[in-house]
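So, here's a batch of structures to check.
Presented sequentially are two complexes of subunit A, the first with subunit B as partner and the second with subunit C.
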Partner chain A sequence: MDLQKIIAKPKKVAKARKADDGLEVVGKSVQRVDGWEKIKGAAKYTDDLEFGPGLLYAALVESPHAHARIRTIDTSAAEKVRGVVKVVTGRNFTHKFGLYMNDRYIFAKDVVRFVGEQVAAVVATDAKTAQRAAALVKVQYEPLPAVLDAVKAFEKDSPLVHPDLKDYTHVPWFFPKPGTNIAHWRKIRKGDLAKGFKDADLVLEDTYYVPRYAHCAIEPHSAIGLFDASGRLTMWTSSQSPFTQRHVFAETLKAFGLGHKDVRVISTYIGGGFGGKAGVTMEIIAAGLAIAVPGRPVKLLWNRAQEFYNTYQRLGCTAKIKMGVSKAGKITALDFKLHWDAGAYVEYGANVVNAAGLSASGPYKVDNISVDSMCTYTNLPPCGAYRGFGYSEFLFGLESHITRMATELGIDPVEFRKRNAIKEGDTLPYGAHMNPNGIRDAIERVEKEIKWGVKEKSKDPKKAIGKAQVCFWKSPAMPPNASSSAFLKFNEDGSLNILVSGMEIGQGLLTVMAQIASEVLSVPVAKIRVETPDTDRNPYEWQTVGSHVTWGCGNAVKRAALEARERILDLVQRVHCLDKSTLYLVDEHVKCRTKPDFALRFSDFVINGIQADDHTFKGGPIMGSGVFMPEFASAIGDPETGQGGHPNVHYTTGSAGIVLEVDRETGKMKIKKVALAVDCGKAINPDLVKGQVVGGLLQGFATVLYEDMRYDEKGRLLNPNFSDYKIPTAMDMPEEVVPIIIEVPQPDGPYGARGVGEHTMIPCAPLIANAVADALGVRIKSMPVTKEKVALAVKAAGK
Partner chain B sequence: MPITAEFEYVKPKDMDEALHVFSLYREKARALAGGTDLVVHLKEGLAKPEVVVDLKGLPELGGLALNGDVLRIGALVTFSDLIESPLVKAKFPLLLESALTVASTGVRNRATVAGNICSAVPSADSAPALAVYEAVVLVRGLKGERRVPVAAWFTGPKKTALAPDEIVTAVELKLPAKKHAGCYMKLSRYEGEDLAQGGIAVLAFADNTYRVAFCALGPKPARCPKTELVLNGNKLSEKLLEKAADAILQEVSPISDIRSSKEYRLHMTRVMLGRALQAAVARLFGKGPKYGTENIA
Partner chain C sequence: MKTHRINFTLNGEKVSIEVEPSDVLLDTLRGRLGIKSPKVGCDRGDCGTCTVLMNGRTIRSCLALAVEADGADLVTLEGANTRKWTQKLQVKFHEKNSFQCGFCAPGVILSATELLEKNSKPTIHDIKEAVAGNLCRCTGYEPIIEAIAETAKGK
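For the complex of A and B:
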């Protein structure tokens, strides 16, 4: 296929007509601005970048022990290998780092805390030499008792993973307990729990288990560092968080004379993140190595196994739920204990624990609630952000439990959800109030789509069909002062360059930012260029996580565009003596409501100004800048009750339903249909929202049906590969996916938009578990809900 | 991820040279055809040969043809070659059905049938089909050629009857004279490429005789004579299937591993045997599912 021909002959598109809401570009599925580049294979990813023959390669020496003291490190044999430039160990770097809790070193200093932890690195002229020499580094360990079970880590006599926890610095909303393995304990106490249980007609208590998961982005992590003669550190990284990385690099390496102005992070397109490329993981190693060999770029590229055991994993979770429900179908009390396995370092992962703790009620009004979301350190790989940020984990138990209780009381589980669904203005578990939302609409649309209440029968007598419908919600988990900013510059031809540091991670951020600016300034999307960031040139963005960038970065871009618009209008008012309030922008022109023949083309003045009657020029380059910070947010509440702050900016809500066919004998499950309705406030690009729904569901169902991390009794990951850690293929798609967009505007969102990226995967686990129960009457309470578990449960039940 | 091990690479011009290399290096030489196992093992340090012998320059190892009633699958024939062959589809559809379950298209484009049985993992997808077609493995060394029946080929997990100074030249299958139909059932974790957690191949003949073989349900792929004894001479019935399932449970010895529990494998052995027999018999009468569809349990 000749792609050029296709470009040359674009499909004729009818000129977009204004929608009912008066919007021309926002709300339209415009083509992705990065589409052609990616389809043609021209898009550059970090590993594609060329650094010339001077590029050095690094290989790691990794711990074979889950917990051990490092006795000695002998690097002499490795140093003698021809082509080895330097061998680096923990002796070279003595500062701890972390995103929310400073509990890690660049290289393990005295103690290794998980199998695969970096102990040393060899820098050499080629990758093969580096790897061979790394095998020659001799490390003597004294094994220590390892903590491999999060629940056992909580016991009094458990060995301590971090005996010096009391000395660690962390954000004020974390509550570690020195002298134990407890890294964070988020408590929520609201209402009268005892009374709530007294008022209940049915109380059900049970435990649900969720294992660890891996992101499995197709592009592995990679980072190249260069510490040059001018004293600056440049890092090219595959990252969701260039500015956060810059901050962590600058803070961790300040002993080497680096300030924030000296650290520059350049991020290309990334081949999938899902939270795994948020914060800082292996990139800090490349930064340290660059410092160790000044003047030459050093590259660190993770292999697939390292991708599994030395980035972040999703936290494992044991959830104990005790819920009280009245005959009228109202939740009267919820006592929810979430026990998380955060791994060897919790610098990012403990915030997952925090986020889940704040929101564990799910999208329901629960007046009497107690939540204990607590994580313990273990000697397993560190955990951190993963699409859904703790919500998939607690929703598995909560939404399983709700369906069980409703069914036991003889109330339709969907009707039950409608009765309890949260409304705008309802008090949230931490005391703030719920934002506008369309959860009821979402429930009803999905209910209709999957023909809830209509029992279906499989044509195959060996198979049964079950249905399920659940609800979900999620808020961005971010510090209260997480900000976004944007620059916008006009060019001579009236085109625009927009500079942001929100990352394009496949979700279409660049396109959406172009659409927002286009809407304000009437410049077509095709004339707007938005690219991935360089922290020297692009303005600040906290991180591209938490499904918040369309909202946060979108607000910044909108403000930048509005500022540029003001400058244009001010200039025209000044030179042409037209009242600003009569001026408007349309089709790349400034026009005037009172002077129909007035039309000033952008390209005639946005750089070189407007010529006045006296032949002088007024104006100059038109630019705009925009900043957005959620100034109403606060993370500080009472540690014992969680009341008082406003930690979450807003919740996106929705509902999902499934029609599942299950083979009674083999347990094999086939998703005949899945419908997911999400209230994204405003779908700025509906096709991109639908893409999130399809992708999120596929990723979510994989975690329910077959993905699973397994460790041996020594803490070694048994399946750091795709032979035994299965991720979905095209063949694993549900037969039919119906995305439903609900639009109840978010008052502080750009054009009413709120986040949607993570939400599409979080309802999957209870959907499957509830549909299996509906089809065959067996209840699976531990993820993954594999066909093996289903078949054996059916067999055991004698069904 | 680079291959860090040092080894010599040779690409013999003729069979004689190849056999001399193997006779000289024996266990220290490894044959390279598709490389889908070998290269991975080299990267992971699991294989440490002194010499890698690339067989792709030997024309006598190629060729997929029917001579009389014998199908000869040259050692360089890939799974994709099998799948795309009209001959295989027409005469040996069970082989096609099992080939379709091997890994993914990309791997099948390189991986060879001979390589699959030389790797001899317990889960080799081609093995049960080759067993029920009563294939013969042709091997050659400097001393001459041997014909090893597939029943004697697998000697243990990742172990075969191949001597260190020999190479496989081809696999031969005799087209059964009697009217027959087959089915391969494979247990896997999802719809994408997977190593079998269990596989059962069945050939059913019009005279009510049957051949049954499995993979991944014991240390090596094998035929199931006791099960065949129960089945032979009988038409399929619920009762017969029960008896056959009881018999096959005497012949398999699955383990629990990361892919599946022993309990589920045993459960699925019964289920897969029953379904494979029913599908094969249905196909015998021109009914049943098309070959290559819905055969993943």
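For the complex of A and C:
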């Protein structure tokens, strides 16, 4: 078999018949446009790029203390090492940076706030020399009392992680409490909580605990910076957010004469992101180092341990829930207190706290609700975005609690969820209204799929089978003015290049963008090239996070394609005197409804124009541009109640169910079946949506069943590697995964699409906890729900 | 530091280079020989992204020293792209979206190639075991296992 031939000539697929919705390409599982590059090993990731013999390498000097004052830094021994070009410390950079709150420096200045924080860096001609010299930098510290627990950090006499909090600048929707460790307190107050509890027939109060987690993208972070003689800074970064990075670099390094036009960020394929490569983490160090060694490229690579302790981790969360429910199975009141351990710097993590606080009701109509979502500084590594952005954490407690309360009232937990599930137009916790959604359909489809209500028995008498079903929702957490844009240009042969800055992080963005343009312009996907961004060439995209790019960037691409289409139709009308309204695009041709023999091939005019009867040419290269901003969004509400504003653009909802086999003696769990239904509005590429379901579920189950971060009493992470922090292998797959796609169109989505990437991970924790309770009658309230915990709980209960 | 001259075959071509005793094979391949399909993922043999074939068997090139390659026949995905089973696997991997970010794909395909070259009728358990040393954080493994199984069956 000659693979080259297969690649060169893609198998002719029988032309798809128009579906009922009239769509030819959208809604079809076309093959990925980045496929061959990736499976032939040709795809380039940041560390695969070559920079020639002048490339320098950096190694860091890191804090061994969770909290300490830096007394002195002696770099003299390191500077003497042959091959060392520069030693850089916090003295070199005096500006704070951050995505939503400026609370950190490029290198720790005066105080270190977590074990592993960067204090200095050595730049040398090779990596080994840089590492050897970094070990020679002598730093004297004066240890300070460390804050390692978010709930204790909340207490009045707790040491302060950031005594200068009052001076920090931040976005207007954060409410820090200077003089405490609270970096942001999101409050929601709606309805009459006291009355809600009075009306309840059952009130249950409990606490649920979720530890920190790590993304574990297989590609570690990497960044290369070059500050050239003309004064421009080029950064090659493994990033979900090239434009956001450009902005943060330009703002933070303004003092060095940089404006936005002088900073260029180039992002190639990235080896997994999951939120961990959103915002700015280690890349700012590489940018600073580039400034320090002008004229030479400098590379900073994270090793696996640094990947764990010095990027973002997922926030830890202690959730206190008090819920009131009526006999009729209605939630009458919810008082939800979320204590978040956000770590030493919360410039991104505080927005996780914000997002979770706004949506902590889950996908239910709760008229009387109070939420306190408190972002707490601790002396542990900084936390930030991780697939699910806070929703997995609050949902563990909420969905555990709902099943417990329904069961106690004698109401079927799935029926209970149906009674409370949110509907289009229902008022959300912050006062705006719910978008169209298919949550009821999702619940019913999953219920049927897992044969809810039918008790199953294991063939093995030592094992019990439990079932559970839960619901989930999530909205993109983004600033109200987060926008996307796209350029699209034709080539001589009628093929297209699409330029966007949404990142291909594995989800299939490039393919989906090609499908959208293909649908509008009738150019086959195989003739469309979409590539990863370079901020000099590609138009703006805020970030590839929040499962929003199919929606946001997709809207921009659709608009760009429609603009190009208009230009084509205008030109043909002008030259051929055909009424525009009679023209249409099909199979790479312009055709006319009233003149059946008219057909103009794109390749005949999209670059070189159309020759008129007088032999002159009209037209020129056909291009289009498109911009999308959710102009209805606003983040400004009342700080005391959270009411007002429209901080979330829409929610994707769904339901998931599980059939779980549990060993009574060992607690070992086997997922026999899991079904997940998600309302993605419109599956532009159903196979890619299914890929998100299958992959997201396993990532989610790993956080429940075995992943766990362990710190010692000094704040040191004990398991920053894949031997001690286990992530799933092929041996850990569920026996059966059933993805179910629900399509209730999003009115402002491209072809009705809304996001789906994060949602598939969110429901996993309560699924397992509720299924264990169903199987064995024990309730685990802290994650992870390990076999050890289950076995001990069974033993303690004497079951 | 004393260096060693090593000679080996890399993707069918003869290579002769000087290396230091502590040079790691993965770094030598990537940094000196321009072979980029094996990736750096964990530097301790946990993740499998650095997988290469040495004398027909998969090894973790992050755990091998360059001097160990002396006299060996080394194949990376760049070279395996012409092997029969690798090509068949790639067609199926493409068809079934058996990758997302693609970072683990070279290692996974080499592990699967080794399996099918030795055992063209593997069970599902054999397949899972063969790629259990290649971590993938995106796909949930299902499309990888399916693609290998279907390749073996010649579907």
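Quick note on the criterion: the second predicted complex is superposed on the first by the 788 of 799 C-alpha atoms of A that agree within 3 Å, B and C clash if a C-alpha of one lies under 4 Å from a C-alpha of the other, contacts with A are read in each partner's own complex, and residues count from 1 in each chain.
One rule holds for everything that comes next: contacts are C-beta pairs under 8 Å (C-beta built on N, C-alpha and C of every residue); 3 or more make two chains touch, one makes a residue touch a chain.
What you see is a predicted model, and the numbers here were worked out from it, not measured in a lab.
Judged by the touch definition given at the top, the superposed model places A:M731 against both subunit B and subunit C.
In the superposed model, A:F617 lies in contact with neither subunit B nor subunit C.
Legend: residue contacts after superposition of the two complexes on their common chain; A:I270 is shown touching subunit C, with no touch to subunit B. In the superposition on chain A, A:S723 makes contact with both subunit B and subunit C.
Shared-chain residue A:L688: touches subunit C; no touch with subunit B. Between subunit B and subunit C, the partner in contact with more residues of subunit A is C.
Of the two partner chains placed around the shared chain by superposition, subunit B and subunit C are both touched by A:N303. Legend: residue contacts after superposition of the two complexes on their common chain; A:K795 is shown touching subunit B, with no touch to subunit C.
Legend: residue contacts after superposition of the two complexes on their common chain; A:G41 is shown touching subunit C, with no touch to subunit B. Residue overlap on subunit A between its contacts with subunit B in one complex and with subunit C in the other: 303-304, 723, 728-729, 731.
For subunit B in complex with subunit A, the residues that touch the partner chain are 1-4, 187, 189-195, 258-261, 263-264, 267-268, 271, 297. Residues of subunit C that touch subunit A in their complex: 30, 34, 36-37, 39-44, 46-47, 49, 76-78, 81, 84, 87-88, 90-91, 93-95, 97-106, 109, 127-129, 131-145. Residues of subunit A touching subunit B in their complex: 127-128, 131-132, 135, 303-304, 665-666, 668, 702, 705-706, 710, 718-719, 723-724, 726, 728-729, 731-732, 786-788, 791-792, 795. On subunit A, the positions that touch subunit C within their shared complex are 1, 3, 6, 31-32, 34-41, 43-45, 47-48, 50, 215-220, 269-274, 301, 303-304, 505-508, 687-688, 691, 694-699, 721-723, 727-731, 733, 737.
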